[in-house]
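Going by the order they are written in, the chains are A, B and C; count residues from 1 in each one.
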C-alpha cells in the first residue's frame, strides 16, 4: 500500500529518497500532502512548525521553545491540541488529559529531519479519525531520507548552536536509521534559553509478505519561558519587547515513544497493525498574572505529569469488486498518568498544593468505511466510527473537587462520508461531512458522568487542476456544536458555553511557472460565533492569508537549491470581553544548498524583523514588586512573536 | 452479534437520546432539627416547625439559555419533613448541562416562603410565623450535570435555613445572629410578628445591606435573606435574579 | 466576506477619566432636626467602574448576585482610578485625578471607605448638640449607581457626588452618655452613620458633562 520511490536527481550528491505514498484520495480541496522535499522547503525550526502547512491553521507559541504550541483551525481555538488529531505512523500523538491541556500536542520530540511526509486534513470526514478529530487531523511519516552517514553542525544569531548525526545503512529502507541531535541557545531577549536532545533508532525489513518496522524516539527538552508582557510596560519603556518578568516560567519535557508496525497482505486484504508504547514526563512552571491573586507568594504554578501510555492501531483494506471496497479498523489505548499542580513561590518551592490525581483512561474504537465508485464520474466513501471512553481517577487532592475515586464511561458514534464528483476530471468537486469528537478531560469526570464533545461539520469544495502547472481550489465549510463543553480549570468543572457555529470559506491557487518553482497562496476566512448571542468565538482567527514560494532542486552551477519563503497575514482576532488583537504579518525563509556531499542550510525567522504579538490577552495582573495599589482593570498582555533570527548549519554526507 | 445489535441504538443514543433528570429539595439538618448555638455568633439557637417553599419553576437549561425540561405546575415543599423531598423527574436531551434553574415565587396562596419556629437566646425566646411573597430565580451551577442517554442524573435544591439570620446581605464577613430578633419583639409577648420586624430600622443594628439600599427595616432585611436560601447539591452556589 | 469578517473585530479603545468629587451642602434639614457640618471628611480609595454583569461570550456564567453574602457577582472592571483621597464631603469640586478605562457600558461603581470624621451641630427639638464623630468605616461601598457609557470618541469626565442628607437620615441623634457631645460612642450612632455612609444610594457617579 505504501510505495517507496527513489527519485534520483541530476546532481552528483547523494539522492534524498522521497517517499511517495500511494495516496488515499483527498477528502476536500483543503487537504494537503507534503513529501520530504516540501518539508525541507517549509520554513520553521521544529517538527511543530510543520503543522502550519495545514490550510487555515494558525499556531501560537505563548511560552518557551519546548512547550506545545497553541493551535487554531477553522474557527476553533484548539488550545494545545484539543481539536486536532495528529498521528505518527499510526501512533496517536495527542495526550489525553494532559495536566496542561487536554489533547496536548507537542511535536518537539520529533527530529524534523526524520519527517518524510505529512498529510493535513482540515475538517473531519474520514471514519478512521479518532479522538480530538474535531477541527481537523494530520498524519506524519517517519524515516531517514538519505543513505549513509550524515552530520550537521550549526549556529545562529539567536545565540544558538546545534549538532546532528544520522545514519542509514546502504541498501536499507528509510525506516532503518540511527539519529542523534542536540540543540540549545539563549534566544533573542530574556528568559528564552533552551536545550533539546533527541535520539531515535528505526528498523525496517520484510518477512515473507509482511513489511515490518520498529522505531524508538527519545527526547528531553529544557526551556525557559518569557511568558507575557504588559503592553503598557513596553509602551512606557519599562520593558523592552523581548524582555521577560522575573520568574516568568519554563519547563522540562521528556518523552520516549516506541512502536512496532506490520504491513501485510493476505487473501486480497491488506492489513496494518501498529503496537505502541510510551513514557511521558512534563513539568511546566508559569505565571501569567504576576502577584495579582497571591501578593505574598506570587501566582506562579507548577504542573507536573508522569505517565505511561500504550495502544494498538489496526486497519484492513480490501477491494470487494472493482467498484466497491471496504476499510475497517480497530484501535485502543491505555493511559496511566499521575498529575500534580501547585502554587510555587519565587524560589520555586511549593507553597500551595492544589492537585494530585492519578488518572487511568482506556478507550477503544472501531470504524468502517465503504469506498464506492458507482460510476466513473463519482466516488463515495460512507463510514462511521464508534468509540467508547472509560476514564477513572483517584484524587488524592483537588482543590476544586475534593478527593476520592470516580469512574465514568462515555460512548460516541460518529458517521462520516465523502462524495467526489469527477475524481479524475479537470475539476473535482468534494462534498463531505461528519461528526468529530473529543473525549472528556479526566480531571472533571464525576462518577458515572463524563461529557463527550461532539461536532457536526460539512464542507463543499472544488479543485481545478486542468494542467500540472496550475491549480485553483476553494470551498465552504460549516461546523456546528450543539453544546460546547469546556473544562474550566479555574473552577475545576465542565462548563457548557452553549451552541456554536463556525462558517467559513477558503480559496487557494498553486502555480508552477517553471518545473522547480512553485507559488502557493491560500486564504481562509471563518466566522465563528455562539449561536445564542452571536458573540464571536474569542481568540479564533477570522482571516488567515498564507503565501509561499518554493524551489525544488533548482540547479545553479554546482549548487542545488531547495528553498522556501513563506509569509502569512493574520487578521485581527476577537478577544474575550469585547477586545481585539492586532493583525500580524510575518515572513520566514529557509534555504538548503547542496554541493556534492556538502549541505548548507540557512533559516531566517521573521525576515523583516517585525515586532509582532503572537498571543494577546486582556486581564488584570500585578507585575509591580512595590506595594503600589494593584489595578483591577483588564490590561493588554502579549507574548512576543518570534524575533528575527538567522541560523546556518553545514552538513556533510557520506 | 446480538450484543452488538443492542449496542448500536445505545451508541446512537449517546449523541441524540434522552436521559432522566431527578430533582429533589432538602433543608438539611438545620431546617429539620434546628440550628445549634455554635452556628450563631451571639449564642442563640433556632428551630423550625414550618419551612415551606413554593417552587414554581425547576428547569434544566442548556448553554444557550434554552429550557430543556421543566416542571409544569408549582410544587410546595415542606422542608421540616425529614429527608430530601422529591420535586420532579423529567426527561431531557442527553447532554451536559451546567445550569439548573429554580424559581421560588408565590403561587395562588400568595406566599413563596413560609417559616415558623422558635428563636432562643439565653433565657429569652420568640416564636415566629411569617410568610414572604418574594420572587427569586436561582441560576444554579451543579458541579457536573450530565444526562447520559437512557440513564439519569440528579440535582438537589438545597435550602439553607441559617441564611435567615445573617447580619449582612452582601458582605462576606456576615454572621448568623439572633439577638436583634429578640429585641424586635416590641410587646415582649414572646411572639415576633412581621409587623414588629417592619418597625425595626436596620441601620442601628450594625447590619449591612451593601448595594441593597432600599432595605431599611428588619422585615425587608429578612425578606431579602429569603432570597438567598437556595443552593444546589449542598454547598453549590446559585446566582439569583431578585 | 473577508472584509466583513475583519470589520466585525473592532475591539475597545482606552478612555481617560478625569474624575472630580463634589460635596454636599454643609447644612441641611432632616425629619427631626437640622445638621450643620463644620467638618466632614472621608478617606476613600481606589474607585472602580464595573461593567454590567454579563459575560457575553460565556453565557453559562450567571450574571447576577450570588445567593450568599460575599458572593456578589459584579461585572468586570471597566475603569478605575487608584489612589487614596481625603474627600471633603462638604467642599466644592475636588479633583481626584485621571482614571483609566475601556470603552463600553458601566453599571455600577465601588470604592473603599476608611476613616470618617464628622464635626458639627445637631439642632433637634431639644436644642443644639455638638457632634464629633470619628469612625473607621473600613468597608467597600459597592453598587453605586453609575449608568453611563464610556466612549473614546466623546471624551468626558466623571463626577462623584455624595448625598449627606440621605447618609445621615438614618442616624439616631441620642446623646446616650449625656456628656453634651454626640460621638461614635453614643447609642447606635456608630452603626447608623456607617450604615448611611455605606448605603449605595448615598453616592452617585455620573458623566461630568451631565453634572451641573
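Going forward, a residue touches a chain if its C-beta (ideal position, glycine included) is under 8 Å from a C-beta of that chain, and two chains touch if they have at least 3 such contacts.
Because the structure is a prediction, the values reported are computed rather than measured.
K.L.:
What chain is the most remote from subunit B, judged by the mean position of CA atoms in each chain?
P.N.:
The most distant chain relative to subunit B turns out to be A.
K.L.:
Per-chain C-alpha centres versus the global one: which chain is nearest?
P.N.:
A
K.L.:
Starting from the mean Cα coordinates of subunit B and subunit C, work out the distance between those two points in Å.
P.N.:
Roughly 32 Å separates the two chain centres.
K.L.:
Rounded to a whole Å, what is the gap between the Cα centroids of subunit A and subunit B?
P.N.:
Computed value for the inter-centroid distance: 48 Å.
K.L.:
List the centre-to-centre spacing of subunit A and subunit C in whole Å, with centres computed as mean CA coordinates.
P.N.:
Chain centres of subunit A and subunit C, defined by C-alpha means, are spaced 52 Å apart.
K.L.:
Send over the residues of subunit B in touch with two or more other chains.
P.N.:
63-65, 98, 141 - these are the residues of subunit B that touch more than one other chain.
K.L.:
Residue numbers in subunit A touching 2 or more other chains?
P.N.:
In subunit A, the residues touching two or more other chains are 495-498, 530, 532.
K.L.:
Please list all residues of subunit C that touch 2 or more other chains.
P.N.:
59-60
K.L.:
Note which residues of subunit A are touching subunit C in the complex, please.
P.N.:
495-498, 505, 523, 525-527, 530, 532-533, 535-538, 542-543, 571-581, 620, 628-629, 631-634
K.L.:
For subunit B, which residues are in contact with subunit C within the complex?
P.N.:
So the residues of subunit B touching subunit C come out as 63-65, 98-99, 138-139, 141, 163, 166, 168-174, 201-213, 216, 227-231, 237-242.
K.L.:
Under the definition above, what is the set of subunit C residues touching subunit A in their complex?
P.N.:
1-2, 5-6, 8-12, 45-46, 48, 56-61, 76-80, 82-83, 100-102, 104
K.L.:
Name, in rising order, each residue of subunit C that touches subunit B in their complex.
P.N.:
Spelled out, the residues of subunit C in touch with subunit B are 59-60, 62-73, 108, 139, 142-144, 170-172, 187-188, 190-192, 194-196, 198-202.
K.L.:
Inside the complex, what are the residues of subunit A that reach subunit B?
P.N.:
Those residues of subunit A that touch subunit B are 386, 401, 410-413, 435, 444-446, 448-452, 454, 482-485, 493-499, 530-532.
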